[in-house]
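Every chain is named by a letter (A, B, C, D and E) in the order it is written, and numbering of its residues begins at 1.
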Amino acid sequence: MFQKLIAESAAKSPWLFHINSGSCNGCDIELVAVLTPRYDVERLGFKLAGSPRQADIVVVTGPVTKQSLNRVLSAISQVPEPRCIVTMGSCPQSGNVFKGSYSVCAPLSQYVHVDVDIAGCAPKPEAIIDGLAKATEILKEKRGRM
Amino acid sequence: MNLANMTDYHHFPIYAIMVLFLGAFVVSVAGTKPSRNLKNPAGARAWIALCATGLSLFFLVMLIKPVMLKGEIIAYWMGSRAIAGGYAIGIALEVDALSLFFALLIATAVFVSAIYSIRYMVHDDCVPQYYVLYCLLAGGVLGLVLSGDIFNMFVMVEILTFAAVALTAFRTKVYGALEAAFKYLVVGCMGSTAILTGTIMLYAQYHTLNLAQLASLIPGTLNNATKLAFAFLYIGFSTKAFIVPFHPLAADAHGAAPASISVLISGVLTKSGIYGIIRLTYFLFQTMNLGSMQFMLVFIGSVSMFVCVTMALAQHDFKRLLAYHSISQIGYVLAAVGLSTSLGISAGLYHAMNHTLFKGLLFLAAGAVLHETGTTDLGKLGGLSKKMPHTTALFLIGAFSISGVPPFNGFASKWMIYQASYQKAVETNNIGFLAVTIIALVTSTLTLASFVKVSQSVFFGQLPREYENVKEVPFGMRLAMGILAVLCILTGIFPNTVTGALTQPAARAVADVGEYITAMGFKSNLPVPEVSFVQAGVWEPINWLLILCIALLALTIVAVAGKYDRVSENEGEQVDTKYQLFYGGEKNVYSQVGGGDLFWGFKHNWRHYFDFMHDLHSGIVNDYALWAVVALALAIVYMMIVL
Amino acid sequence: MDFPFIREAVVKLFSKPSCNNYPFTPREAAPNYRGRIVFHPETCINCNMCERVCAGGAITHTSVKNEEGDDVITRSFDLGSCTFCSTCADFCTRHSIELTQDYHMIGIEEGDLIVSGTFIKKKPAPKPAPKPAAPAAAKEETAAPAAPAVKPRGDGKPAQDPDKCVYCTICARKCPGEALTVDRKEKIWKLDEDKCVACGTCADVCPKNAIVI
Amino acid sequence: MTANIFINGLQYLGYILIFPGFLFCFVCGMLLTGIDRKLVARMQKRVGPPILQPFYDFFKLCGKETIVPAAASRTTFLMTPLVGLAALVVIQLFIPIHGFSAFSGMADIIVILYLLLIPALAAILGAAASGSPYAGVGLSREMVTIISCELPLVLVLLAVAKTVGNAMGTGLCFSMSDIADYQVQHGSLITKLSMIPAAIAFAMVIPGETGSHPFDTAEAETEICEGMHAEYSGAPLAVFKLSHAIKVLTLTSLFVALFFGGIGTGLVALDGVIVFALCVIATALFISFVHAVTARLKIEQVFKYYWTVVSGLALVSLVLAWYGM
Amino acid sequence: MIQFNYIAAFFLIVLGFYTIVTKYNLVKTVIGMSVMDYGVNLLIITIGYTPGGTAPIFTAGELTQASYFVDPIPQALTLTSIVIGACVTAMSMSLVIRLHESYGTLDTREIRRLRG
């Protein structure tokens, strides 16, 4: 019963950790917009965590520049299981307009397994909410597997 | 002399002193050549010193039953030269509960420190000489507190000052050791001179040096010369107790001396000063029922308390920081003793005892860190808890004790001090004593803050590379610390037993001066006082701890059942990124929050005060001498006006 | 310390939250929102203009020959690389690309974010009608005399009016299929029939209106 | 005899585990936190999380992996949350609820004042043991906050001791249960003139002690990565969150027990308890309100604020109490 | 005339204090300490002085009244005090030598590594 409670709770209280890997701040602003009164994801239990140790969902924005690659990867590795990695915006998914630059290491998916991609440049807050909802489903499923 | 006569407990005080001086003699006779045993360069000499201190402790423990529990006062005339013609000619030892209380503290500290020294002094040269001085110091302090004769007190003060100065300068290579010793010597000698001058003035008036006789003669015959003598004696003993304005000496001396000696300086020498002040104010002059005297002691105690704790917050050296805390705690003792209520005296003595225990423990822990890493700079150390887990645990016990965290002993005694000062305030309807309660409570928190700083910058935080190979200290050193830690916990958990057996008899002895005089064979018409130790509040740590333990047990069961401790940890030598610290994703960043900046939020508001204090503690010996002279002048003026 | 928000806090405590309760009440995007790309392959003429103008390099195509020899062209738009700038749609002469108001673009599996469309480009193999233009590959001189009689070719491919043409090479530079070769010195205007997709861009950009379709 | 001891033991165990103890603390503390979060959200014109959200958070964290950093000292790192929680529950046991306290006669207000240090100290030690530099910054701020709160708290408690002592004729009274009894007999302390500034000062201390806005510098998640809890994950973090929730409950009920005790309607049997509960909730709402309308202060401002404004109020109260008003 | 002794004694003590406080040379500080000691010794001796008294030695028959003796106890005390004073001087001089070795100066204003 306790396990079931935990699995149920896992979907109801996902905490986000946001990593900016060289983003233009467009996506970052949208992610913050999600917390504002109009969208208010806190009613779904979402919360921005300050440290990766406390997070369930890692949201990566930005084209994963060469400087930030190792930092991003180590921060992601510090998130305890079960965790879910979400790329937000086009940059971490492909590199977007920075594609092919000598200093950009995107896509992120060639280094870690990315669970959810939220497309958009920058994504609309509704799209972010949808993506995070998908991420919580994956989270619950992962918790069930543990 | 037959054996039965020799084992009479009346002889034990002198045995306790003799054993130590004999020890010093035997050690010095054994020569100065270090033994080939690398683990113990002093060889058998260390064991001789240990035996001497142990025997001394044994003799004093044997005295607990007659003196503490039965209330007997041992008056012991050396060579049986008792009173002749109403005047005490011979040299006397007089052991009442107060003397024995301090003697027990001293003997315990000395014994534990001797255990510690064996392994601690391994790296030093001239270790044989160390033990000579060590025994001299111990004997000097013990002689001071057991003596029934004011001139002998002076002689013992000189002996212990000498030994202490020599031991402070013992590690001549240590940064500032010689300088600290010289400052201590100059101001210490001014103090000794003041004691001698005061003694002589008393002798000129009353033609006796015996404490009991002086106590019976002085009251009611105060004239200017007596007041002058009182001021001189008071300042002399203040220098020994290192209370404000003599605290910089303590800081210098503690920082430079070996840790085993710092234990003695803070746990033993300061106590001898406190003992002197108690004897002076309660016995010789019996001035403590005067509001002005109470005011002076409480004021100086509170100032010491607060000034030294703020000075400690500004320190960057482990041992200097501890030294300032030491004086801060002595401030507690002085303020409590100055309240002049039985509860206050009992609380003050209890705190004095606890101070010896926990400050000894802390200095030994600092010594352990110094022994393994070679430095006590808070900025350079860090993360030692992984390498020295036992030392860390013992340090934390000491830190909790000094910060007054229940259920350790510091809390029990501080709680008594708060109550005593508040009760005094209510009884006398004097809001000034209330300020003492508040200062004491705030100081306690500041102390905690300071020790959080130490634990963060020495034992926790990140381990610097150069200390990768640090190991736990040898068993002998841990044993010494362990003894003190166990005593810290026991005296904290059973406060009523401890106060009943040790501090209340001592406080009763302080109140009952007439008994002290008559025991020596003089006449006294002082009434037997009513002594009560009633407190408004209760502190029953056993019940409280029991509940806490049950709660903790229940939690632990839940935690274990819930596989709380099934955690993922790094395996193997290489540290995976998952187990590295989160530092913005950075790898291997050496970043430790400096020990000095931890309390910016507090210090920023007090920056003018801190700047002022820093300028004031200039480190020039002339300035400290000037403080001593000014203090003497102020004391003389104050005594002349109020007494 | 001052508390500038006390009044607002009290007022808002008793007012309705301004939350739009998104996942439970669906929401339309604002007008002119540029969301998910929809591709109409049936109108695409494979001019590749969209690929050329795409900043993020999100548009790719693959070309496979089927058994009849026709090119099977698959054009795919990677939404995960798109900046939704709408330049491709603006440049598309056939209006095959459309940015809808659908913002729901979540990728979980591989390919969730790929929009693609396939069409078959008939092989111009027998070259039945536009025969005359075919030999132009080698003979410039023959092309030049035919020039005066400039008239629309009817198959959507461009024809040059040599009188008007100043050989500015803009048409060649703008041609998405690189079917035009213009040499300014030699005064040559040449069309590669195979490459030309009859998009009409050259006629649009010609400053002298020298190209007719 | 044996049966009696057994029954007594069982009763005390029940106290510890169920009523004022763990279960009660867990449920009530979490509910208070949930209400707080909901209310703050509403004041910001948000919908806010469900009231049961803290429970979800707690259970979710219990199911997460617990990572012990390589630089941390394992035992300290894992044990400190439990010690802090146990100490908080013990304090809750000592706080009398309308004259009823599970373990009466054992708690003095200064003891409670010092017991309140233990959870904070446990958190600080755990943070230090984690070795994180962020935790280092966090713990130093927490320590400064403790220092800041200590002075006003001391003054308030001394004023209370003096007031009750005056009324009881003993001069001073430290016992928590005596204070509660006094209030049941003579009406609550807030009705006295001298206690009004003290109550205000105590109410201002609560946000500082619990680390809520605007005094949450120690856990500033946006600047120093959750500060003290930067390296905590999984179950230990859940315990810390629970401790925080219980601390709110403890401080608010201490506040009510000190100043609003003994108010009863006399209409129903348990009126005192109900009024007590309502007062606790009202105080918690007040804290939420302060949370919603303020922004985080700098740590030196926190110190300054507590040592000037709040301490001043408390001092006024103490002086008034001293002269028997 | 005994008052001059007292005045001289206190003058010496104060002179010692003055030297210690105002002189920035370590050797002068040591001299100040010695002067202070001598002042105290003079004080002790003066206290034991009885006008017209003789040495406190009993030789059979010469003296019958002990009141003609000077007080012997201060003399014993003085001996102790002198010994201690000598020790202080020796010890402080040895420290001064070591200080000069490691600091290269005797100026107290430069020997202030430990402060604050």
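Following the convention adopted for this analysis, a residue touches a chain if its C-beta (ideal position, glycine included) is under 8 Å from a C-beta of that chain, and two chains touch if they have at least 3 such contacts.
Since this is a predicted model, take the numbers as computed values, not measurements.
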| item | value |
| --- | --- |
| Touching both chain A and chain C (chains) | D |
| Pair sharing more residue contacts (C-beta pairs) when B-D is set against A-B | B-D |
| Far-end chain from chain B, centres as C-alpha averages | C |
| Most central chain, Cα average position | D |
| Remotest chain, chain A as reference, centres from CA atoms | E |
| Averaged-CA centre spacing for the pair chain E and chain C, given as whole angstrom | 108 |
| Separation of mean Cα positions, chain E and chain D [Å, integer] | 63 |
| Rounded Å distance, chain A centre to chain E centre (Cα mean) | 82 |
| Centre distance in Å when chain A and chain D are each reduced to the mean of their C-alpha atoms | 35 |
| Numbers and ranges of chain A residues touching at least 2 other chains | 37, 40, 43-44, 51, 53, 78, 80 |
| Per-residue overlap in chain B, given as positions that touch at least 2 other chains | 562, 568, 578, 580, 582 |
| Chain D residues counted as touching two or more neighbouring chains | 41, 44-48, 62, 65-67, 134, 225, 230-231, 234 |
| Touching chain combinations (by label order) | A-B, A-C, A-D, B-D, B-E, C-D |
| Residue ranges of chain B in contact with chain E within the complex | 151, 155, 158, 162, 165-166, 169, 172, 175-176, 178-182, 185-186, 189-190, 192-193, 196-197, 200, 203-204, 207, 209, 248, 251-252, 255-256, 311, 314-315, 320, 613-614, 617-622, 625-626, 629 |
| For the chain A and chain B complex, residues of the former touching the latter | 2, 19, 51-53, 68, 70-75, 77-78, 80 |
| Complex interface listing, chain D residues touching chain C | 39, 41-48, 214, 289, 292-294, 297, 305, 309 |
| Chain C-touching residues of chain A, taken from the complex the two chains share | 37-40, 43-44, 90, 93-97, 99-100, 107, 115-121, 123-127, 129-131, 133-134, 138 |
| Chain D residues touching chain A - in the complex, by the definition given at the top | 37, 41, 44-50, 53, 55-60, 62-67, 134, 220-222, 224-227, 229-234, 237 |
